[in-house]
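Take a look at the following structure, please.
Chain IDs A, B, C, D, E, F, G and H follow the sequence of writing; residue 1 opens each chain.
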């Protein structure tokens, strides 16, 4: 079992290393990730949302629906914990 | 001055490595806790140093403060665990 | 308001989930009505969406009014709308069914059960509607967390099964997220439509291939594709019966939908069919799944476990349809999703009803069940027919299309596999039907006498068995599902010509 | 070759971390260890995403002099890419939610079997 | 990004991850995981992701550790691997 | 000079009032005993309310106000923004927190005390800082010297301080000053781990304790409190 | 984990620190626009402050400030704030979560309205996260077993 | 380099010195309680000195006041957490090392 796990891990690692070869260099300002969608967030955040912190404006406005989902996730987690663990003990009297 | 901060940070990191020895190998939980507590204080200073290197200290102070708060909470929790359950 | 209906379909269950908790704190009895209202509204919204899609074509809904690559958008085309409609219908029907069963099995946890129920539905619907890769991940996690918790409150080994499901599900979700990250680093976009335009330029990049592999593995884990199905049987067996009836029809099928979406919309068929031979591999895996799942199912004596292995086999059918990657095959796959949803919902509901009434799960104890619960067993037989593929039911048509697809692809092996798998289906369903209907009345063997001693209410012996049907709130949903299988089968040509034929991704 | 390794070293480390976490998840038998492995695994993925956001010579994605009157043109190249940060905030939340649910399930298992070792639980014959 | 810090922190992170998984005592493992989260937080602050670092400092290092300790206190502390 | 005179004066007052204080304390104990015999929590709560009664309700508003101002100052420190919007937010937030936990921050406070306390604190701060600095040099010496001349032992002593804040101050000061850390407190008894015998001896002279008592007005506080309490209890009993 | 510590020092220090931590949490929520932070982080810190109170002062006393019923109500309420703002935009005739439309109600320019919308959302998230964090810790540290004489969420039958 | 910076440097270096001393103490001292002396005292002073140095470097503003506040907070929290750990150790029954026992 442990050997199997090790093999799975090594295969995953090998695939990842294979994939990393074609990635843009680390911290490259010209990589697609930094040039396609994201510049607008930085350039327009003040103009469109009056919020200097680009992360906040993207989090709560541009991608606000994700944040609603995120909050729902944590709400789900809270209710899940109650559902799994909480037992109502009967009154003894 | 940036280089000074950088060097200072490096020195602190070396110290963190030494504390990490206590944290990882230290016999028993208590020694580990002591080691990791010591890491916490150094990290706080390193965070501020990063702020100075980026020239945006006011952003990093908040992180450093929350770090201090929650390190305290974590330590109290672990101490309470040991108090109740004992070292086993 | 119909412009807003895609958003409303997801948001209404979400808001009602919070309201359920608040109302439940006030009056416990309000939870069930709130759930029903929420789900019926959501169903109406999704049916409205389907109508709009059929009449006017694809809906693009911009959340927060931001243009797509920057904001999140909902894209509802025929495929989406179809799956959305069937999932919301089945969750509504199961919600109606759930009342008595939950009151019996989980009397302490009714409020939280319904809250989580609504959240699960929110997650599922959100996965289906969204047109954004990361948003899909978020809703996938909502649905998964809700499913872990719902499974964990079952009996016996449920927590451990749920824990395994959690570990496997987290690996799957993380692999999916990793795939999203790889696509993001290569293109800089998260929007599905945008990605599908950007990707063809860099199809030969290793990053994209790795991302695709991770999508395959991650979604395969979520939809319990054959070698990755290990978490499924335990989880579905030990879950409370309502939960099995809710999760078994929906979760894995939504996974299958995501797989279709990613294989043929985000990546173009050119990539997933021709550039790397992943669909061929998928169809072979699917063939193994069909055979292996059915064989495992034969070996089981627990009804719910048998049905769980049947889920694995049926996922094989859907994956085969995806793997064939031609028109007939995909039509079969989508139709089989519909079939699976209704059939598995029906069968698991019946299993739950039997547990509710008799407290038994072992199929060798089902003697003369048809006399006690004729309608329920009738629905069961209908589901079994559909699983096997007896002509007027839905299962026949989906299998027919799958076979046509195999013939189109010149893969005669798969034709044989489908037929063999159907025969295996006959074997394990007939075992149940035989025990329930045809077992001679006075031929109780020694072993069965023992069982009858343990379960004296199982009517054994010679005395006449009175009809003792489940309450109407359980029976009606079961009958609706059973009739639905037949009706949808009869109207399947109509469904294909109005919806499914437009749902096939272009380029196939 | 050396250049190739150096230019992407962050990614190598993330792969190593991910393998460690993955091994913890599927190779370890103790349930809490599995949860710890899960935590490491997810953090590794977050590290990957944050690495994609890094930009040479970029500063924090909080616009300087943001509330001042002078509206200078904002250079996107001088700020780090904010989008992966947002995604990872969500992912961290998902991580902690999963952690909470996992721990709750672990406690439920412990209540039932009084042990945390997977093999011993399986001996109970569920 | 600050190159020197980056390399050292990556080293620390790997050390902590290995240690957290290989320690037999679960409480120690949890505490080392807390240190791991702290280093992650530093790493992200150093890469310019202040918000993520903030979240990590508050969530993983704070609440996560507390939750883990609570869970260990409700179950057992020894582990066989 | 002024400080030492004050210390002496307060110590004198302390000695003079010791006797009356003990009597009052006995009375308090007996009344507490009486109330503790009433078992139910509600009755006990009522009794506590009766004992501290009017003063408590009067103090609640004052506590709230003081907490609000302290927290608002903290907000200004954090926020560093002075437009109306943020100031309003600050006022709302401080009021919220003050409402939630004013009884945590200041359980019992007098405005007059605060001024004296602050003055005495600033008078004593250099001494503390010097102590802390020498403590660190001590630790550094111990850690860096090759022989490492440590001879640790645990000593215990009973403190005469009363309020929990002064205990905290004492314990933290002990921890920060040369060669000693507070390990445990059990019923007013401090367990201190000392690095060598010399510091242990120094600690037992009680200089630190006197300083703390002076700064936190423990000596005067005891005096005032006694007078107030005795009169109130006598009044209540009659 | 939920018993009172008999250590007077930890209790006193926690007592002093908790208001400051809470105010800090509120600061983090309100200043998400200008500095790192936001609803989620602030909520977590707020939750941590209640957890600290629970750890040091015990379950009984903590329930006077934050009980599991209040936690449940707050968590729903926070999310209702968020989705309610979204629905408000929808009712005003725009898409879901389009805060720009709030400018018709708030009488400010759309950019400012978006900023205020973000603030409202952050507050909702903060409330929800605070309550949920406390609730999760409560459940895990007690193992979900409530004390005898307490009424559970939903104990009353309809 | 202004005067301000010149003043801040000795403070920071002093902080570094105490950090080094505390770390060496943490590694070298014979038992847990003695190690706590190092972390409890050394780190507190070191943090104080470093933060004061940094706030001097920053100049007089609310930011530097905030830095000072962190130092004050550490002054309250660090001894307390040291106390908590040591108390837990004593309650666990950890015997302090003494020279006689060796």
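Assume contacts are C-beta pairs under 8 Å (C-beta built on N, C-alpha and C of every residue); 3 or more make two chains touch, one makes a residue touch a chain.
What you see is a predicted model, and the numbers here were worked out from it, not measured in a lab.
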item: Partner chains that subunit B and subunit H have in common; value: G
item: Farthest chain (mean CA position) relative to subunit B; value: C
item: Which of C-D and A-C has more C-beta contact pairs; value: A-C
item: Rounded Å distance between subunit E and subunit H, as computed from the means of their C-alpha atoms; value: 22
item: Subunit E and subunit G: spacing of chain centres that average the CA atoms, whole Å; value: 25
item: Centre-of-Cα separation between subunit C and subunit B, whole angstrom; value: 48
item: Contacts with two or more other chains, residues of subunit D listed in rising order; value: 9-10, 16, 22-23, 26, 51-56, 58-62, 64, 66-67, 83-85, 87, 89-90, 93-94, 96-98, 100-101, 103-108
item: Contacts with 2+ other chains: residues of subunit C; value: 14, 18, 21, 63-64, 134, 138, 141, 145, 148-149, 152, 159, 184-185, 190
item: Sequence positions of subunit H contacting 2 or more other chains; value: 22, 24, 36, 38, 44, 46, 63, 66, 69, 73, 76-77, 80, 82-84, 87, 89, 91
item: Subunit B contact footprint on subunit E (complex, rising order); value: 2, 4-5, 8-9, 12, 15-16, 19, 25, 27-28, 31-32, 34-35, 38, 41-42, 45-46, 48, 50, 53-54, 57-58, 61-63, 65-66, 69-70, 72-73, 77-78
item: Residue numbers on subunit C that touch subunit G, as the complex places them; value: 4, 7, 11, 14-15, 18-19, 21-22, 24-30, 61-65, 110-111
item: Contact footprint of subunit E on subunit G as seen in their complex; value: 1, 36-38, 40-41, 44-45, 47-48, 51, 133, 136-137, 140-141, 143
item: Subunit G - residues contacting subunit C, complex; value: 69, 72-73, 75-77, 79-80, 83-84, 86-87, 90, 94-101, 153-154, 156-158
item: Complex interface listing, subunit G residues touching subunit D; value: 34-36, 40, 136, 139-140, 143-144
